[in-house]
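Take this structure, written in structure tokens, and hold onto it; I'll ask about it next.
Each chain carries a letter (A, B, C and D) given by its place in the written order, and its residues are counted from 1.
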Amino acid sequence: MPPREKLFPTTKVSAVNMDALAASAKEASKHAYCPYSKFRVGAAVYARKPNPEPPGTDAEAIFSGCNTENANYTLTLHAEHSAIAKAVELGYTDILAVVIYTPTETATAPCGSCRQVINEFGPRAVVVATCDAEGFSPRWNMSKLLPDAFGPHNLGKG
Amino acid sequence: MPPREKLFPTTKVSAVNMDALAASAKEASKHAYCPYSKFRVGAAVYARKPNPEPPGTDAEAIFSGCNTENANYTLTLHAEHSAIAKAVELGYTDILAVVIYTPTETATAPCGSCRQVINEFGPRAVVVATCDAEGFSPRWNMSKLLPDAFGPHNLGKG
Amino acid sequence: MPPREKLFPTTKVSAVNMDALAASAKEASKHAYCPYSKFRVGAAVYARKPNPEPPGTDAEAIFSGCNTENANYTLTLHAEHSAIAKAVELGYTDILAVVIYTPTETATAPCGSCRQVINEFGPRAVVVATCDAEGFSPRWNMSKLLPDAFGPHNLGKG
Amino acid sequence: MPPREKLFPTTKVSAVNMDALAASAKEASKHAYCPYSKFRVGAAVYARKPNPEPPGTDAEAIFSGCNTENANYTLTLHAEHSAIAKAVELGYTDILAVVIYTPTETATAPCGSCRQVINEFGPRAVVVATCDAEGFSPRWNMSKLLPDAFGPHNLGKG
């Protein structure tokens, strides 16, 4: 397993981009499909393309997502997962930062499944939870959210 | 349960759009993240916005997706699911057609989970499976793929 | 892919066993953990051990399960899935019949995900849906519930 | 939200029971169905019935599980999840300890999804990872494995 430090240098996301991520997450939440839980969530990720083509072109971008539920519950897709899938589809496979938004008075930490999804593409990502209350937005490193993570290396990959 | 016929009139997707869907599904498959299964999949959906704003603006669009796997396997996201999530996020909640592409010699039908996801937003959708072999592409109505479907009405919704 | 007919001869489950399956499914539903959906489900499967040891010993048994939900919704485990996992753990990997019970006035068909799970171990299984109303219990063959199923053969297995 | 301390007093599992859990997890792994990942896992949980009937009867028991995969990957069921579902079905809804076994040279921590499943029934559980190497078995409290967990309280339950 290659040292993750080589693949994922410490994430640096500017304050400007953090504001853009928060706005994008909030916007995405508007179309959340949550008739069962009534729990509306939006998310945005800041992602990097490892090999931009042609070289020198823009290599970082923001992708958003909302939760999309299903009557069988198990096929509920979380906002973070949806945003990451969009990034991967376009080749932005390094997730540097994840911002979650819920229209609540307190911020919501990502569930264990989303932590696992983030770990696959951003084991050194920063995760921030925002809500409708002013003030402090909790912020975590992935090493705190999912310590001793199960990941590609457990299957001899990555 | 309201009659589905009211909500979902028989899907009509032009041959032109079917070609565009097939091309979109194939393009999406290029960035499939499938280090575990090595089974690359792309998908595209033709979706409609129930209430376009402002009224009269374009109400139909194509969304694509690829499979995105995870070391824990359970968090694998399928191409069809990813494409539908993108449509829903932008308010295109009626799925009219789904096209699947696999770079194989025979076409691949959607799994039961994807049929369940399609049913939530497109119980009358047409599903087409394409691959690298020329000729016949299997085509199904959802009523054939998932008869007597479990859906929102089982939970008193929809 | 070996012919499924060899592996899965037409399921024959006696009426006596069908009654036992229905009773087992109903009993299992009592402890369903469904604080989110309030939708209580029980299931029972009739399963066979391909290679009983010592040879000649009993090779068929009934396993039950209930739905177990999770606050994140996606980790909801369905009754059918739980019952099948119990059978597999003890080596009973051929699923011959599945009976579902819901404490409702109308019977509930299995969702697409459960059809996919059943297909892995019982592509020729019989599925029956029971409820609290007297009379007809819908019954399907898997070939009707999940036609053109995606399965192990798509990945070169089975 | 009631204080978790009331519901889940600090887990105390005897060394004798820990040995029994480890043996049970290893036994369960024998029938793991893992043709896709080839990654065999067994698990056992020590669980308590909140309201044993009749009062005074045995209130604690061990339940085991193995991983059960599916060709569609997403319906893979993990060993921990399967064991917990068995406990819940019989009314043992308080998970006090989880032991994982993998036939590998290094121990395997639970994935994020399993941490989320454990959190629903055992937010104060102890988790131990065992393998075929002698010596140290990693041990965590859930508060370390899934800090700031998303759980029932986020949906106004629990």
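What we mean here is this: a contact is a pair of C-beta atoms (placed from the backbone, for glycine too) under 8 Å apart; a residue touches a chain by one contact, two chains touch by 3 or more.
Predicted model, so just to flag it, every value in this text is computed and none were measured.
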item	value
Chain labels contacting chain C and also chain D	A, B
B-D or B-C, whichever has more C-beta pairs in contact	B-C
When chain A is superposed on chain B by its C-alpha atoms, the rotation angle in degrees, nearest 5	180
For chain A paired with chain B, centre-to-centre distance based on mean C-alpha positions, whole Å	24
For chain B paired with chain D, centre-to-centre distance based on mean C-alpha positions, whole Å	36
CA centroid of chain B to CA centroid of chain C, Å	27
Where chain B touches two or more other chains, by residue	36-37, 71-72, 75, 77, 111-113, 116-117, 150, 154-155
Overall pattern in which the protein chains touch one another (line/ring/star/complete/other)	complete
Chain D to chain C touching residues, read off their complex	28, 31, 33, 35-36, 64-66, 68, 70-72, 75, 77, 81-82, 84-86, 88-91, 93, 113, 116-117, 120, 150-152, 154-155, 157-158
Residue ranges of chain B in contact with chain C within the complex	37, 39, 108-117, 119, 138, 140, 144-150, 154-155
Chain C - residues contacting chain A, complex	36-37, 69, 71-78, 111-113
